[in-house]
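This report concerns only the one structure given below.
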């Protein structure tokens, strides 16, 4: 998995064994939070779409990669990362809109297998398109990145940019929470996830709601990509690497709920980070074991919106 | 209805086998390599069709079982020095056991969750072998021996003999699966795809059957893996990669899900296509995905579906319509009853 | 005999089954009637095991089957037909009936012998097909059948299992008078050793066949009794029999 991860050190610079060293824990916990926030940005769109319309978009990871790559192009063209942060998600949402009109709308009633197959095919298509446009090398932006350098947090030196990623994640969570609880769109989404037939009977334009939610989901995936890019570089294969953990988050967290996406992200992000540090060969297997464990106890995930 | 087309599919199977054998008589060295590859993937594709097309269990990680079988064979022969025949049997069985364990867990969930988890499981498998230095890591394992049939005068190190051996294996598997599908177990499989709830209500322990077919399909995929390892005599973790799973899936879909001969045709087509297109473009993946999308959106069930519909249309033009008395009541509940 | 004690089931805030108790002896012909939404099909789901009750228990003879999944209950002799056709859509009539036999008698683990050579299964399928009037349609696909014929097959599948307790959920719904008459004859011909519980809206059928009737309303038992008692009950007249019978 080409996921962002820290190099592990068995012994901290101060000579204590790692487990007793509080700076080790602080760093890894912050790393977990940062990975969790990226996973959250990706999984929240996927889970609401999944819960709302029973539609699974396996190409969601590809949108993440597109966000990073398009962000890279914008940043190098305009010399401004902030322009990239703003425009890349919009670009990805636009691509999502095209996908929706061409393919996804047609597949809505087609049943899960066709949806899976077509979006799986899209992964291949996107991968090669990305290779064609941006090549196969890792691409990174080194100048003009905000929050460069390190700051001291909880007595520990830590890259400021990663804290920025965590901050973005929290901001998005709060914004989505407010959106869901206090706006009309949010009410329509909650109604649609809970019971689409009744919602439709009550006048909710479920079609339009879904389209808007889908666009937001795509934008968030793009945002995750462009935000991750300065720290972790962009390359064509990054979409699939992040797809599996994202899917695991959606399944573990439970379909359709914000809470589930957050809980799942934290759980998987922490597992992967600590797993990679302690038992790098088995980190993926531990994640899978966690997935299995949760499913055995709660087949619908931890916090599904609809039981 | 499937029953009407059984004869058609048998004819198609005979034609496919004949084509493969004919190709074999003409093939040079490179042709033999392609034939061998077709045969191996035909078996893998049939195993996926059994799970996905017949029992309705779509696995996006089937290549992981394929690769696992290959790696087990390599482990037993190269690292532990066991005889090839024993290694083949044990590699196949151990893959079946892994598939049984995965199946027992995964059949607890339905539909999309199931598909997603098979994808995750496949990726876990790839990662494990990628990171495992003992089995070569991403450098792979070389020096894998082929089965030794010298005792009966067959030299499998001759590529044309080996290609024929693999084709024979594929034909054997096809016949075996045909027999399986004609049995009560086979009937249950199709019923599982169609309406598992009713089977449960009628007394069938559905999950047990789904697990068993997943295990059997996995074992078969593992068997294909042992053959693949013997063919290339060098394996890498790429065998388990999701792109390989994707290719097998496309073979099944392109050929025709749930037709058994379809996947064989799909395997042949896709292997030939990949070899041709790889010379022309670096972007085989793009075309693979594109084909998959087109075929799925196209409506008919792959090549066999298209050919079968064409055949029906040809026949339909020559048979007279059978009229029935209850045509008047067709499909609508009668008003009088309510 | 089938016994249910104090069954309760709720979906969220909605109490669908309230404290339902039944005692149905062997060979009985029992009908469950009530307006739409009374919880009749839910009761069947609870009896057959598709749903787990929140409270209460279910017994077949002396056996507590409350925790058993549907397939285990089926193997103990409980068989049901569904209100909405629940057939093997992609298969022929013959294959549907054979599948029912395989599931009920548990020989689905046989993977070598050809199904075509199982004479006993084929003979049974032909017998049942004759009873449900589909002898000429054995080779036809389910999708080609008329709705009434599909309903017949729906009951036929349940019969293939040679059950001890048969739950029929609105067997004649959507049928023409001719088809309803055929279904009536079929029910008449069922062996007396078989316990039959029927959900029905067709009152003629109910009063012709049932020896006892349970009336449900809002998930509760309104009254239980013989057909005469039910017909004569004021309460039942008001809530159900009087006015539009659906």
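Letters A, B and C mark the chains in the order given here, with residues in each chain numbered from 1 onward.
One rule holds for everything that comes next: a contact is a pair of C-beta atoms (placed from the backbone, for glycine too) under 8 Å apart; a residue touches a chain by one contact, two chains touch by 3 or more.
Not measured: the values here are computed from a predicted model.
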Nearest-to-centre chain - CA centroid comparison = B
Would you identify the chain whose Cα-based centre sits farthest away from the centre of chain C?
-> A
CA centroids of chain A and chain C: separation to the nearest Å works out as 49
Gap in Å, rounded to a whole number, between the CA centres of chain C and chain B | 40
Approximately how many whole Å separate the CA-defined centres of chain A and chain B?
-> 33
Interface with chain B, chain C side, in the complex: residues 48, 50, 69-71, 74-75, 79-80, 82, 86-92, 95, 98-100, 102-116, 118, 139-141, 146-149, 157, 160-161, 172-177, 179-180, 201-202, 246
State the interface residues of chain B toward chain A in the complex, per the touch definition above.
-> 58, 60, 105, 108-109, 111-113, 115-117, 119-121, 123-124, 127-128, 131-132, 242-243, 246, 249-250, 253, 282-286, 288-293, 296-297
Write out the stretch or stretches of chain B touching chain C in their complex.
-> 1-3, 179-180, 182-188, 190-191, 193-195, 197-206, 209, 326, 329-334, 336-338
Okay, in this complex, where on chain A does chain B touch?
-> 1, 50, 54, 56, 58, 103, 106, 112-118, 120-129, 131-132, 240, 244, 247-248, 250-251, 280-282, 284-285, 287-288, 291-292, 295-296, 299
